[in-house]
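So that you can tell them apart, the chains are marked A, B, C and D in the order they are listed, and the count of residues begins at 1 in each.
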Amino acid sequence: MTTCKIQCHLKYKIVQATEFVFLIQAAHHPDQTIIEEQLSFNPPIAWREFHDPSQQNRYIRLHVEACDSFEVNYCATVERHSVINLDLQQNLNEVAIPDLPDEVLPYLLASRYCNSDLFVEMANRSFGWMEQGYSRVKAIEQWIYNNIFYVSGSSDQFTTATDVLIHRAGVCRDFAHLGIALCRALGIPARMVVGYVEIENFLPDFHAIFEAYLEGGWVLFDPTRLAPVENLIRIGTGIDAGDVAFSTFYGEIELIKIEPIITQKLDD
Amino acid sequence: MTTCKIQCHLKYKIVQATEFVFLIQAAHHPDQTIIEEQLSFNPPIAWREFHDPSQQNRYIRLHVEACDSFEVNYCATVERHSVINLDLQQNLNEVAIPDLPDEVLPYLLASRYCNSDLFVEMANRSFGWMEQGYSRVKAIEQWIYNNIFYVSGSSDQFTTATDVLIHRAGVCRDFAHLGIALCRALGIPARMVVGYVEIENFLPDFHAIFEAYLEGGWVLFDPTRLAPVENLIRIGTGIDAGDVAFSTFYGEIELIKIEPIITQKLDD
Amino acid sequence: MTTCKIQCHLKYKIVQATEFVFLIQAAHHPDQTIIEEQLSFNPPIAWREFHDPSQQNRYIRLHVEACDSFEVNYCATVERHSVINLDLQQNLNEVAIPDLPDEVLPYLLASRYCNSDLFVEMANRSFGWMEQGYSRVKAIEQWIYNNIFYVSGSSDQFTTATDVLIHRAGVCRDFAHLGIALCRALGIPARMVVGYVEIENFLPDFHAIFEAYLEGGWVLFDPTRLAPVENLIRIGTGIDAGDVAFSTFYGEIELIKIEPIITQKLDD
Amino acid sequence: MTTCKIQCHLKYKIVQATEFVFLIQAAHHPDQTIIEEQLSFNPPIAWREFHDPSQQNRYIRLHVEACDSFEVNYCATVERHSVINLDLQQNLNEVAIPDLPDEVLPYLLASRYCNSDLFVEMANRSFGWMEQGYSRVKAIEQWIYNNIFYVSGSSDQFTTATDVLIHRAGVCRDFAHLGIALCRALGIPARMVVGYVEIENFLPDFHAIFEAYLEGGWVLFDPTRLAPVENLIRIGTGIDAGDVAFSTFYGEIELIKIEPIITQKLDD
């Protein structure tokens, strides 16, 4: 068990009145326990939290008038008790589609950035012959790691999984999109997970990985290999980057500072 | 008030064992009352109904082994009491984003076939200057009707709203996708509606239109202009065609017959 | 040396007056000698031949008024003296760009269906590390053969090399486009070659392969592996399928019959 | 008649040995006479000029080893005698395809950035009903001017005409690509023209416009409306931006300075 301290500081200039939906708080999830957390805005402002019915993401919604400085501050202490038993994990089977729970089926559908319907041939050609199970998803993760370059600025908010497949470069969200698209094309439910994680030699930023539904539940994979998946403090879960952006906004803003920081100490 | 009789007959050859999710039953919705309905399969088979938490679609899920003939039969009597007050409708305003209910926000996001994030410039250039409200969405409907050809076979299951914008041809689902993408790009929540409707000179088929969220709720639009929107018996509501297909399947099948029939009689 | 007999019979219904550009005659090329040839139209019609200045393709141009039947008949006897010395070929180097002749440079540029500019990362990642020369282009040919399915009807006239890379299926023109795109992305000039070849178990049709510019000149490759490249009687050479279609037309027609036949007999 | 003074100064850091093809000299063209010109490189280097057989562009080819500074200097005095007779021009007809010269036909084909094959429906729907001739191409120019924003940095070297149609923003090359694609889709040959022109309030840069083939020959159009087309000193003519880049290079460079300057004085 590990205790982590999260601090997230965002600063904006609000050029025109803007409606925000933030997704920055640690999730309530079996793998982690929020010991304490604090969310504040400067200047102070009314806000509310709402949850989507499928994924239980903790969306924060608020409206800010034009101003030179609007700050979001979140800090939390979270206990991570995700103990991954690799021996166990390596033997997980895939779940035959008839055995998938109803609520997992939507994660087989193509989405804006994970256009898995276009990957059916490629996925089957490259991974269809492999033995099903954890090792097949691991092979996808490995293929992405081997074949896609991690290049900051090589993609943008319009980049889809097929774009990544062609250009062979992207950032963490693109790696996750490609992994998700390949899994769905093979009939393996998959979705995006965003969270806090410490990555050596990288500026603090949010991280995106993916999880695939195998026997026994969702299993995390990170094709960037930038940090162990069990180090991630989970914020939310999404169909793709579209519904788990740390900030969705309607208005006109300038992002001045983004600083999600996570520090951990092993408990005694 | 109108009473409609729906009959839907589907026939498949099941080449390999297949998991089906059907969406063919009339929806439980304020605009219509299901007086009676009957769903049966030949050969008979175990099935279950499940609902997605956001849209309350009535998905039917079942598993069929390989066989030469598998038939789905649905019939229902539905009372449609959607009385559209055009005078009222024409004066509806759009809803400012801060005033949108939380559960409506997802209908602003780009989706696989409604890639609205790519339409922001075009939508604002063409419709951004117009007076906001019902008349603006009506102008979008009119523009699509004027500029897109209805051509059977001109699109396929991969066709997106940008494809339609370029090729200028499609079928009902493509018209709806384009309408939805343009609305979302302007900040107007929009989603797909599928249902039964009688269209003169067309073979019986399911129909797809869209609805936009305006002051007071969701309002129906049909850019194909093939039938009055108030004639539609609603089956379901979706982000785009991906989650409201009449049949989603995993396996190998041949569709032999598809025959959704609707007949109506005006009540005395 | 081999003598081949070519017969090409095309039949059209001309719905509206149509301007045709045909490219169906055997090319004047060092690898082959046209012993005799005959081109005729039924009904007879005025036509002229013109050559493009770069590629010396033998375009036939003519104008046909509306009629129920318009036939094109071409037959030729061609000696093929393309003796491929595999030992020699296997040792061919690539040509450094500074050493490429001026007239070869255009075959490095991206074209409509060979969008090689999008392949730079992928090509370098997959083939950039290999030893340069004939074996590298052969590796590209092999990769396409291994990873793309030959499926009639899986592509259309809009299909580009990136589409093929994603969908992993196509016909001969698509295989050639992908080979060309990958070569150009690596700095190896490449172009499409169309011609007559006999393919077992296939209906008679034109074939498309590609050639890459290596030390000593252009070398043929066929990623479909459907027939030995030295069996091809060459019709023309193009940037991509756009400028070597067997028929380019402006008007309205129905293609009733297409039958390019090639038979060969080994000389004594 | 107007006499113009052109100065073009380019400066590069050559990171790795690079092969260049420059296209920066004034063209030999009936609309203009080169009175004198001077091309030099610093440090001095061997170079040669070659012309493509179709378009007679004056390509300069040279090889530069790695160095901190490599400069290209071109200056010329050019007399422009393009007197446009607007009265005459406004009455120009289109040329029926059977009457097009053979060498003009390639300008009907789709190219990498002018993917006109995708525009057939849209072009015919929007412009097909108009009276044919100069006024129709002018209507295309006007439509682009009205519907596309000129935004520096809104496009890149991969941007095609369909991308521009969707995003509704671009720079001069994108405006030209869209005009060319629309013309070709309507059966009007069209091609890109690059040159020197003075544009108020813009930093010095090369400009791209397009010309369409009408009765009597090629006619210039500029959908950006940034400068009168008759002010342009022509450098070259291309299928699209791919073959008329001012610099095509194979190697690794940094562009330090680009400064094409044109000044004109009316002759007495």
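We take it that contacts are C-beta pairs under 8 Å (C-beta built on N, C-alpha and C of every residue); 3 or more make two chains touch, one makes a residue touch a chain.
Note that the coordinates shown come from a computational prediction; the quantities given were computed from them, not determined experimentally.
**Q** Which is the least count of steps on a path of touching chains running from subunit A to subunit D?
**A** Graph distance in the chain contact network comes out at 2.
**Q** Using the contact definition stated above, find the chains touching both subunit C and subunit D.
**A** Intersection of subunit C and subunit D contact lists gives nothing.
**Q** Rounded to the nearest whole Å, what is the centre-to-centre distance of subunit A and subunit C, using the mean of the C-alpha atoms as each centre?
**A** Whole-Å distance between the two chain centres: 46.
**Q** What is the distance, in whole Å, between the centres of subunit B and subunit C, each centre taken as the mean of its C-alpha atoms?
**A** 45
**Q** Based only on mean CA positions, could you tell me how far subunit A sits from subunit B in angstrom?
**A** The computed centroid separation for subunit A versus subunit B comes out at 30 Å.
**Q** Quick one: which residues in subunit C touch 2 or more of the other chains?
**A** 118, in rising order.
**Q** Please list each pair of chains that are touching.
**A** Between chains, contact exists in these pairs: A-B, A-C, B-D, C-D.
**Q** Please name which positions on subunit B make contact with subunit D in the complex.
**A** 118-119, 121-122, 125-126, 147, 149, 162, 165-169
**Q** For a test of understanding, state which residues of subunit C touch subunit D in their complex under the given definition.
**A** Interface residues on subunit C, with respect to subunit D: 19, 21, 50, 52-54, 59, 61, 63, 97-98, 102-103, 105-106, 108-112, 115, 117-118, 157-158, 187, 242-243, 250.
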